[in-house]
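These are the structures in question, set out in turn.
What follows is chain A paired twice: with chain B in the first complex and chain C in the second.
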Partner chain A sequence: MFNLVESLIDAWSTHEQVIWNLQIVFMGIMVSLSCGLVGCFVVVRRMALLGDAVSHGILPGIVIAYLLTGSLSVGPVWIGACIAGLGCGACIEWLRTKTPLREDAAMGLTFTSFFALGIVLLSLEVGQVHLDPACILYGEIGLTPLAPELVLWGVPCGNQALWNMGLVCLATMISTVVFYRFLLVTSFDTSLARSLGMPVASIQYGLMLLLALVVVASFESVGVILVLAMMILPPVSSSFLFRRLPNILLSCLPLSILYSLGGLHLAYWMNFPISASMAITGVVIFLPCCLFGPNGGIFTNTKSLSIQEGSKGIPIN
Partner chain B sequence: MFLLIWKRLRCALLLLALFWMPCVLCAAQISSNLEQDWINKAFRFWTFADYSIQVIALGAILIGINCGLMGGYVVSRRLSMFGDTLSHAVLPGIAVGFMISQSRDEVALMIGATFSGFVGVGIISLLKRYTKMKEDSAMGLVLSGFYALGICLITYLQKSSGGGMAGLESYLFGSLVGLSADDLIPLCLCLAMIILCFVLLNKELLLSGFDPSFARSVGLPVDLLHFCLWILLAFCIVSSLQIIGVVLVSALLIIPAATAGLLTHKMSRLLLFSGILGALTGIIGCFLSFLVERLPAGPVIVLCSAFLFLTVLFFNPVRGILPSWIRTRKRGQRIRCENTLKACYQVLEESSFSSQSFSQTSLARRRRKSDAEIEREIDVLIREGYATRQIILLEQKSELPSENMISLTPSGWEIATRMIRNHRLWELYLTKEASYAPDHVHDDAEKIEHIIGEKTVRELERILDNPRRDPHGKLIPSQNDIDRGWLSPPLVTEK
Partner chain C sequence: MKATLPKPLEIHDLTVAYQKKPVLYGIDMEVEAGSLVGIIGPNGAGKSTLIKAVMGIIKPVDGYVKIFGETTRKAITRVGYVPQRASVDWDFPVSAMDVVLMGRFSHAGWFRRISKRDRIFAAECLEQMNMLPYANRQIGNLSGGQQQRVFLARALAQQSDLYLMDEPFEGVDAITEKAIVDLLKSLRNQGKTLLVVHHDLSTAKEYFDQLALLNLRLVAFGETQDVFTHDLLQRTYGGKLTVLSEIGSRQVEHKQPPSAVL
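What follows is the complex of A and B.
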């Protein structure tokens, strides 16, 4: 059943296939790179579940913007998604501080309600729309090459979807480099950041905006839930390999190339959706990192094992 | 007694009406857009006319009760996001169960889903214990990883086995179509198990949830109880998946329980309320989804319960945001009123109660406020019936054309003396019994005078042996003075 050579070679056998698949691979690299870069900060701030909540919460914004403008271009959709995402974040914060609800309940309540609202809006208007619920759940990266050609001043410049994602990826990289110091300090030591005069709250909101931008740009490719995988997997895997944040950030690039290529081939071999197989490739790469990674892997780090051996039982907080 | 019942009933009816109106309006609008005979459909639904509707409605109610009951524990133990993770983690199990049984066999799907849910939770706990990963990243990792695996397996099955797999798609968002009586059996079983477990183990579950170390010290098998709860939770989620869908089942766990948490703090009542709320939203969501064919059931049920949550959050008569905002506003108004009245008394006292009225400027001087502000305060007093205002024309040569003279009405006088009495009694109490310095007691008394009731004041009088003078040597009006009313003679003469 499994023929390694065939499944590796098949995707690159003809000229058309090479062009088609290269576009998908590029798209995958850019999606997982930008998600991974944002994800590094999200994970160290222990906001991973907030990332999940926001990625669900932007759905009504996307749908409303789509229904108003009738197109899925990044601009208006991004604005709608940012409004919804920030609204979702604000709702969680308000419920957490102003009502007796705890943080986890506030989060679970808000994002599921937002998501449900999005789905209901979507299914009411589904007749005229090519945005179908399944696409939101696991994306259609495989259809990237079908996106219309971008024409600038009469010159065809290639695939529009790729350009959009490329711009978002570039924006993510630039803002990571420019604001690196701010992000680093506010992530690890809020009080130091305050004493250095950094605007902690604005940086937090800026990160949320960036998160919304990345999620919006990638949700069409990988879907709402797998965005979370693309955000968490790179930093978590490489945190078992490296100690310092710059190394972890840099390792996002090779990891995303691996995810993209691995996902494509896995999808070819098993007939899976490409986005989900990218996530599975990520998990497969995560496993050896977690088990044998030099920085805190399970089998290489016997110290922490012996310390915590005393506790046992079922995993409840 | 009857009044109390009627009051409660009225609140409940109001809530219900508030909740129903938009629902019905919304349903009406949607349906008229679709030009369907919605009255007919609604009638068919609410009379439970045919068999399929009976099945659907029963299913929705059962799911609501199950998830509501389990949610009570999930939310109170702060496991909401665990519920979400668990509901995503069961997806590969469903696909594997299907692969093994080669049909939509309920038992196989159930076993597979429960198993994979457990594997997911186990991985979270392993990652948390043996690596440096934090809980949130571990949960996110398991959630998205298992979900990706489930999506892959389901797509693979769909592509490899052709049309027979249409049902598995519905596990993502849920659907009511094709729900048969056989599908209700797991729901009933689950409900029976939950109720049995909660009734038999009520005390143990409560204790192990809220104080695990104490429970352990009295010899309860805490881990076993947690395990029990996990099995129930997994079973509950798996049995609801077909109607609600993977993505939103956690909402049904969280929202009714959170709503019930706003209404009560007692665990048994919380469970009861959240079960009822779950059933209510289940059936209403079902109805809307039945009315408009394109609406998937899961999201509509979730929206309904979110709507109910918001209604309770804002309009709950005891702790709701709107009622407590109104109460705070009213209290603020009352306190401002009382402060003005107290100042009026002090102005009158300065003039040794020689006349019944005083000028507005003297009050302004006393309160250290501008004339315009005092004007507004007096307007409030007049509106409440505590004071009257006369405009007295001064002589022609005076620069000011007129002067406002204020006099208090009997009710205003009563409140003013009462406040002064509370204030001075409290000052005296602090100096005598709590050994405060006399110049430190004013601010404290300024706050407490509005709050202490008649009973406490009597108690103070008893402790202080019916005093007549406060620490600053001023007269404390007695209950007699208050009862006798407007400027009673002894008060004037004694001064």
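What follows is the complex of A and C.
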């Protein structure tokens, strides 16, 4: 059972297993790539905990949408999640302005209440529909190959779950590229964004909508709790390797591939759940970055050196 | 329709409050084109708040701001803003060049690629602030003075007509201080209008053509030699002035601009 090599070969031994595992690996790559891209902007905006809060706060929206429609298809669930997210925002704003509570306390209170409400709703059995709480909370990426076949105009086109995630992943990549400047400037300097005539508030809301979409599309695979790991790990790991945002964004792709492959094999080897194994792989990759990364790693702290060098304030030429 | 060009900045009866506590009270100001105005006053006088209200970041309780005769919303793209150093996230993953290029975004078009012309122009702006050798450095790896020069290069790249700067001299070295003064004067000579929040009374007289003395209200606004008087400064700074005015008069006696340290 604990034989590493054997378990790795075992995962790819037969044709059926290759197909089965490839679907899981692709799903993992698309989930962590979408989460990572959104996560880069969430992290540079110093909103990492807001991402956590949002992923919890939208749970009642997900459950209600499921109870109403009887399916976990991305569209209705996303709408439900966005409504719950807006509800959260309104509650926080109300608590913050009408009571002496500070913002952090208001956020902590609201999101945990919404999360609790979501869990309570999960245990409800309305009619015939029933949701497995473990699947929502922890995700089950291993079940990806069991998703129904997508049939378009009578032609079978492959795994429905992969198609859904693929579309969300594509949408995330396209929005990142198209709105890159808006996201960059509003994250770095809101007053500059304003003086360039950018709609600062709309961009903020747009990013929140994208965040909700990615969480909704990913939670079946990695769960509403571990989705945050997939968001935070890529940007914080590569921030030790790269100094510019485009490089950090690009590094999300190789990191996603590593997380997905590493997670699958770790799960095979030790008989772990795959989603948690992906997060563990992410942490294992994070550690050497944090320790030896050229950009502020603990054992290679070039940052303080170059500040001393620069503090002479004398230009080279 | 007026025959004259609209003024770069008109502030009328501007009142700003944080949670019902007024921090700016009935400010009236009209700034002519090509002015280099220093905004001085004690801590908590509302200097930064005034800049933020002009930028439209803070909504006033009363009064209005007009920029080139238009609302802030409409004319905001003609305004360049240099933020206070403390308000910038210096760990943000951008290089000096990236920061300056941001100033070109509204010229380059939102979705088009940054053209070679924009890149060359941004490099020229960095060069003007003597920062071109550091173009690829992450901004956190620059000294305080260098960071400030990057932001001034960005302001240059924006090619704005009205500049608002919040404490650009805060925590910079002597070379940068000199570079900023030269830049301010050269922009003024190009007919740009500059409002600069400044906290150092000993240099205020030397750096600015006009001064706005602020302490919740606008105590005085006019040519530097007319308003930089003991009486008006006393009214602006209250009891704190004794020490400050001594520093000020000592500075005048020695006639020692900070660049002379070199």
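One rule holds for everything that comes next: the second predicted complex is superposed on the first by the 289 of 317 C-alpha atoms of A that agree within 3 Å, B and C clash if a C-alpha of one lies under 4 Å from a C-alpha of the other, contacts with A are read in each partner's own complex, and residues count from 1 in each chain.
Definition applied: a residue touches a chain if its C-beta (ideal position, glycine included) is under 8 Å from a C-beta of that chain, and two chains touch if they have at least 3 such contacts.
As the structure is a prediction and not an experimental result, all values here were calculated from the model.
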Quiz prompt | First, second, both or neither for A:8, with chain B first and chain C second | solution = neither
Quiz item: Now for A:272: first (chain B), second (chain C), both, or neither, which partner does it touch?
Solution: first
Exercise. Considering only touches as defined above, state whether A:101 meets chain B (first), chain C (second), both or neither.
Key: first
Quiz prompt | Partner contacting more residues of chain A (chain B vs chain C) | solution = B
Exercise. Would you sort A:181 into first (chain B), second (chain C), both or neither based on which partner it touches?
Key: second
Practice problem: Answer with first, second, both or neither: which of chain B and chain C does A:46 touch in the superposed model? | Solution: both
Quiz item: Once the shared chain is lined up, is A:18 touching chain B (first), chain C (second), both, or neither of them?
Solution: neither
Quiz item: Now for A:167: first (chain B), second (chain C), both, or neither, which partner does it touch?
Solution: neither
Self-check item: Residues on chain A lying within both footprints (that of chain B and that of chain C)
Solution: 46, 239, 311, 313-317
Practice problem: Please give the residue numbers of chain A that touch chain B in the complex, ascending. | Solution: 43, 46-49, 51-52, 98-102, 104-105, 107-109, 112-113, 115-117, 119-120, 123-124, 126, 133-134, 137-138, 225-226, 228-229, 231-233, 236, 239-240, 270-273, 275-280, 282-283, 286, 290, 296-298, 304-305, 308, 311, 313-317
Self-check item: For the chain C and chain A complex, residues of the former touching the latter
Solution: 52, 55-57, 76-77, 79-81, 83, 88-89, 92-95, 98-99, 102-103, 105-106, 110-111, 130-134, 137-138, 140-146, 154, 158, 160, 173, 175-176
Quiz prompt | chain A-touching residues of chain B, taken from the complex the two chains share | solution = 30, 75, 77-84, 88, 121-122, 124-125, 127-137, 139-141, 143-145, 147-149, 151-152, 155-156, 159-160, 169, 172-173, 222-223, 226-227, 230, 247-248, 250-251, 253-255, 257-258, 261-262, 292, 294-296, 298-300, 302-303, 306, 309, 313, 321
Quiz prompt | Parts of chain A lying in touch with chain C, wherever the complex brings them together | solution = 44, 46, 178, 181-182, 184-185, 187-192, 194-197, 239, 242-245, 247-248, 295, 302-303, 306-307, 310-317
